[in-house]
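Note that the chains take the letters A, B, C and D in the order they are written out, and that residue 1 is the start of every chain.
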Amino acid sequence: MDYVNGPGRNHLFVPGPVNIPEQVLRAMNRNNEDYRSPAVPALTKTLLEDVKKIFKTTSGTPFLFPTTGTGAWESALTNTLSPGDRTVSFLIGQFSLLWIDQQKRLNFDVDVIESDWGQGANLEVLASKIAEDKSHTIKAICIVHNETATGVTNNLATVRKILDHYQHPALFLVDGVSSICALDFRMDEWGVDVALTGSQKALSLPTGLGIVCASPKALEASKTAKSVRVFFDWSDYLKFYKLGTYWPYTPSIQLLYGLRAALDLLFEEGLDNVIARHARLGKATRLAVEAWGLKNCTQKEEWFSDTVTAVVVPPHIESSEIVKRAWKRYNLSLGLGLNKVAGKVFRIGHLGNLNELQLLGCLAGVEMVLKDIGYPVKFGSGVAAASAFLQNSTPLIPSRI
Amino acid sequence: MDYVNGPGRNHLFVPGPVNIPEQVLRAMNRNNEDYRSPAVPALTKTLLEDVKKIFKTTSGTPFLFPTTGTGAWESALTNTLSPGDRTVSFLIGQFSLLWIDQQKRLNFDVDVIESDWGQGANLEVLASKIAEDKSHTIKAICIVHNETATGVTNNLATVRKILDHYQHPALFLVDGVSSICALDFRMDEWGVDVALTGSQKALSLPTGLGIVCASPKALEASKTAKSVRVFFDWSDYLKFYKLGTYWPYTPSIQLLYGLRAALDLLFEEGLDNVIARHARLGKATRLAVEAWGLKNCTQKEEWFSDTVTAVVVPPHIESSEIVKRAWKRYNLSLGLGLNKVAGKVFRIGHLGNLNELQLLGCLAGVEMVLKDIGYPVKFGSGVAAASAFLQNSTPLIPSRI
Amino acid sequence: MDYVNGPGRNHLFVPGPVNIPEQVLRAMNRNNEDYRSPAVPALTKTLLEDVKKIFKTTSGTPFLFPTTGTGAWESALTNTLSPGDRTVSFLIGQFSLLWIDQQKRLNFDVDVIESDWGQGANLEVLASKIAEDKSHTIKAICIVHNETATGVTNNLATVRKILDHYQHPALFLVDGVSSICALDFRMDEWGVDVALTGSQKALSLPTGLGIVCASPKALEASKTAKSVRVFFDWSDYLKFYKLGTYWPYTPSIQLLYGLRAALDLLFEEGLDNVIARHARLGKATRLAVEAWGLKNCTQKEEWFSDTVTAVVVPPHIESSEIVKRAWKRYNLSLGLGLNKVAGKVFRIGHLGNLNELQLLGCLAGVEMVLKDIGYPVKFGSGVAAASAFLQNSTPLIPSRI
Amino acid sequence: MDYVNGPGRNHLFVPGPVNIPEQVLRAMNRNNEDYRSPAVPALTKTLLEDVKKIFKTTSGTPFLFPTTGTGAWESALTNTLSPGDRTVSFLIGQFSLLWIDQQKRLNFDVDVIESDWGQGANLEVLASKIAEDKSHTIKAICIVHNETATGVTNNLATVRKILDHYQHPALFLVDGVSSICALDFRMDEWGVDVALTGSQKALSLPTGLGIVCASPKALEASKTAKSVRVFFDWSDYLKFYKLGTYWPYTPSIQLLYGLRAALDLLFEEGLDNVIARHARLGKATRLAVEAWGLKNCTQKEEWFSDTVTAVVVPPHIESSEIVKRAWKRYNLSLGLGLNKVAGKVFRIGHLGNLNELQLLGCLAGVEMVLKDIGYPVKFGSGVAAASAFLQNSTPLIPSRI
């Protein structure tokens, strides 16, 4: 019962879950432990301190929920809002759609600002809504930093500017699932109130941690938020933080040690270097797509994502055939097009613990798949475009002796 | 950052998380995979089919939530009940207390039947409440099969008999966290509507799967239950079950392969053999406690638990000192007394993938700790009582050539 | 103390040790065991039976020495020859040189047939020596099937034909370290008397097993061979084979289980499919080298190796700079030029558990390194040449659903 | 194909291979690497420096052979002696017998001093031989520090005193396979010329490293020693030590990282603390044996071994039945009696990364097996004797917070 066993490595280029570095696999290769011993709290303490760095916050309070991104969303919303509260949300792709769906099912009054899939959040509409909302009926702005379905990165700094300009007190809630640890993200500077990510994305861990970080204002809001919550309630965690035992229920010992290793790797490379690496790999991917004569689903450069590229295929091609073929012939895992863009795009994830040659192998694989599927790609064209850029920009690996 | 590193193995005898067998560690030692490939659904399909066996159900529908037992509770409740619904719950220890607390916070009208900590659920009171409830205001009976804090196992068959006797339609919701895969549990035969467990208990996996199984009646109830839920909603899973892709959001690849290995081990040993092994180890532990002249927190034999034994210490001893000492001197992890029995009991977990000699090592360790702490234990007395019983009753290991 | 930790995977393209598949890593992730229990002999029995398949022999007797290829050489020689015995050996590169050196130090009378590095064994000279040797002073022909230093594969079938033509009884000893499990090798058909390989080569295990296979004639020779040996003596093994306990001294439990997993993977893919895959990857590599305008160190197509390609760099380039740069900037491990070809060639290993996209990633990396070092490579040229060939020839992965 | 899978852990109490700590398993859970990169030499350098500490030498030169203890023996002998050289060797059990056999097969003139199995080396006979040997025909004294078959530890300091007293220049070669890292061993102080051990013994690694340490005098001897050797030749290593690349042939990457982790654990606990722990566990075992009314195979206290205890069974009992039963019913691996003491003794190994409760579990298991087999043991008697001693003498674990 193990299908990922063609000869050689599986080439994992979905935009999550991503490749786990050996150091993290090693750290997780361990028996369970009593989480009530002195050891687990001592470890947890370092994690809570250090995980703040990936959000670039000093004032935030992090929570390590044993859940997925969907659970982290729910935790962000239910701890800060009450049923009937008005949220403004941007519908720009499948993951923003799912979050909006969750907001509706949690009984918020969701004010949806829709864009074409491939465009970023329409911040002009946001600005006008904020401008109009003198009575502050808008309780929260909910925005996906990086829409994983279309490869669109939204401009969070502008959201903050709009709120500040109108001195609007709405909470600023950010889904950073496919951005944090990979794209430039500045919780404190941008006044983000709740930011969240999942362990299986740029942190390069297995799925299982929904990491949520709350600003002091969000914590304050949680005291009066009336949404029903138990498992996802911050107050239970805060109670155990005070006691120094940290856990209201059983954490995954393996993921805690894995997170420790993942953070150590990030800090060793340097978070800003990690972000720069993602910028390099993102650009290299886009240069390849361009060289192939294919279109990026993302309509403007300002929204280009450095963690995932959704590639538009010509109308006569069914993109899911590309994904199937890649998997079945070349042990290459690409992302499907989802919902509105199903059949129309395939996605290359280029996030997490990844390097240049892994990406180039993927790009060479895509070329072969494109040829397989009847698209007249010129072999080596995408790789050449990507390589020329990467050969210019890749730094030496600092840890190498 | 790894405190469990005294020489030799950590002796893990908390009632969860428990020891992970090497076969499961090996199965989990792997990179991430694309969960949308054909491989993960194919694996999931076998898991959903086979996991029903641990509940002894053929008609139930299982869900593998990426969460803990606390989340599994929430899933069981919110999918079957509406705010204001009356539940009957038994308060007999810390975990039943926490579940009751959750029920209250989820806005159910909780009718609590309290017993002394150390006693089982008072089923006579249940019977009278059911008898009186001609108008069927009671929507659910919520019961912890095995109260982990006191080592008390409740009689589920009797609950079913009471409901049947009065033809009462209340749902029968069971927390099987520290029982399923270790104690006799029969979902179909006992007419349990929702049963649940956590991966880090008798399944001997890391924390991270909340396994919930719903009867057809519970599924039916979920169609009208008005409790707010998204992450824990069964309907999202059912939608993807129909599609054959199974996952509404990202599962932990490692835990899926780990669950496969854990189920394989269970079935290889034989589920009934596993339960018989727990019965042997449970009885051996109780014989040791008796030999030490200490009292079992559980007040009657009918409630004795075969997965955890809470040992009452003499009044002048602080039980948490025993736990600390065991950990610091002998690399032995015992369970603390919780809440009402804090300081008064320590707990020996004897569940999961465990054998006779591991338990005897633990019992020998407890003897040394008791001596350390000033209790006049006779060395070897508990081990002798347990050994005499085990030497008589332990079968040959069938898989040995 | 872990330098291979640049972001992303290390790209391991030395001609051994090679990448270990996850399945093998998992199988080896285990505690020690008593090798005198019934379990280890039962496992060993299957290994000895199945390992014969990789040699394509039914009449051979295999030995799993806890050693390296150098030890396996010594075992092959000392068990079959006596001091002063005349051997004919071919000096065509660093590894044949080292074997010759060993033969001399073991006090054999080595008759060396030398070729330019980059040429294969001179079998015409062999033929004349055999023709002349009416009195059968030549006791053994020692030949490296695949010279790892230059990427030269020798024609073993011809060696057999020569011996048969002259009805010469010399033993036929073959170093298959970088060939067996990757190149076409037929012990029985070619009348090879001793064949050997190392676990860290095409078997894709860690270093630590020197696998030696002896024909009935070689076993017969071992009864009278006077070379001193103890650790490497076959007779100790044969004694324990008869007893059914198999091991004269302690084996590595982990490597035995790893070998089991490695053989299972080989047989699942199909040994002939594995060999065909190596042929594809070898040809793809040579096409890339040609596209770059560089020369293969191997001088004729008949000697081209499908497991390693030694690439000649232009005179003004120092090849070790390429290897250093690849490692330090791109996390790419290439093989150095050794001895006579030091500074003049670098080597790409393409053996073991490897697939098309891994190789293309390596080739793209070599292109960037060549540019780094000042060689006017056209980006994408090698990748294009290799891809065009691979896209035509790569089969679907049979195990994929 | 995995028989060690009864429920729970295998209890591994053979005197090697021993339990591998999780930290070491984790360190070894890794892909291969290019051993010619700068990383492996940098790692090797620290290993060669630190491994000297386990021999308590500053002047010795260590070699990490990819082999077993048998290979390490061969390396010690062939590098220092020439065919025909007279050695004095002590025959006191199966492992000294095997070493003597090796010496004979390597063509040395072995002067055997035999003792009853269960007695130590007869140093009085040695003294008289040395006294008589005015012409220094004795080239080496070969002695097993700890005879694993009988649990006998020889007095090495006295050997040195005898040599010094007579100013005899014989080399002093010591098999420390089941002693080094567990018993008091002082290479420099005792003037040992070659000491050796295997990785699977007290170092608690997998089998695969034969660690040999040579004094300056031994290195000097190796320059003129005429025994034939290639794989085991020190001079090849010394050549690569000078070059700073360290390896004449491919090492096991995994074992190097494993050795690093094993040494780190040893030094963290403190080598002298490790030795003291072995003394405690050894004494506890002997107290249990005494309490059971059984005899130690070792005839005098001065020879008692702290790494292995050979227990003599009553004449009507076949000791191999005990070993079989332990394995088949209790997942307990005990050591068989070997050769002369086959059927008469079983062995409890108590070496390596092991703690008190593991040993007590083993002792409780032995009690059950003894009862199974018809020996009238009193349950708990051995455990009680061991516990009473251990409870008095076990220190707190220093690394625990």
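The rule is short, and it goes like this: a contact is a pair of C-beta atoms (placed from the backbone, for glycine too) under 8 Å apart; a residue touches a chain by one contact, two chains touch by 3 or more.
Keep in mind that this is a model prediction, so the values were computed, not measured.
Visitor: Measuring between Cα centroids, what's the chain most distant from subunit A?
Guide: It is D whose centre lies farthest from that of subunit A.
Visitor: Have a look at C-D versus B-C and report the one with more C-beta pairs in contact.
Guide: C-D
Visitor: Roughly how many whole angstrom separate the Cα centroids of subunit C and subunit D?
Guide: 34
Visitor: Measuring from the mean C-alpha position of subunit A to the mean C-alpha position of subunit C, what distance in angstrom results?
Guide: Those two chain centres are 44 Å apart.
Visitor: How big is the gap, in whole Å, between where the Cα atoms of subunit B centre and where those of subunit C centre?
Guide: 53
Visitor: Could you check subunit C for residues that touch two or more other chains and list them?
Guide: Residue numbers touching two or more other chains: 2-3, 19, 25, 29-31, 38-39, 42, 327, 400-401.
Visitor: Taking the complex as given, what residues does subunit B use to touch subunit A?
Guide: Where subunit B meets subunit A, its residues are 1-4, 10, 12, 14, 16-20, 25, 28-39, 42-43, 46, 66-71, 74, 83, 101-102, 105-107, 198, 200, 206-208, 227-233, 248-255, 257, 260, 327, 333, 335-336.
Visitor: Of all residues in subunit B, which touch subunit C in the complex?
Guide: 22, 25-27, 29-31, 38-39, 42, 400-401
Visitor: Show which residues of subunit D lie in contact with subunit B when the two form their complex.
Guide: Those in contact with subunit B are residues 2-3, 5-9, 11, 19, 21, 23, 29, 265, 268-269, 274, 277, 327-332, 353-358, 360-365, 367-368, 371-372, 378-385, 387-388, 390-391, 394-397, 399-401.
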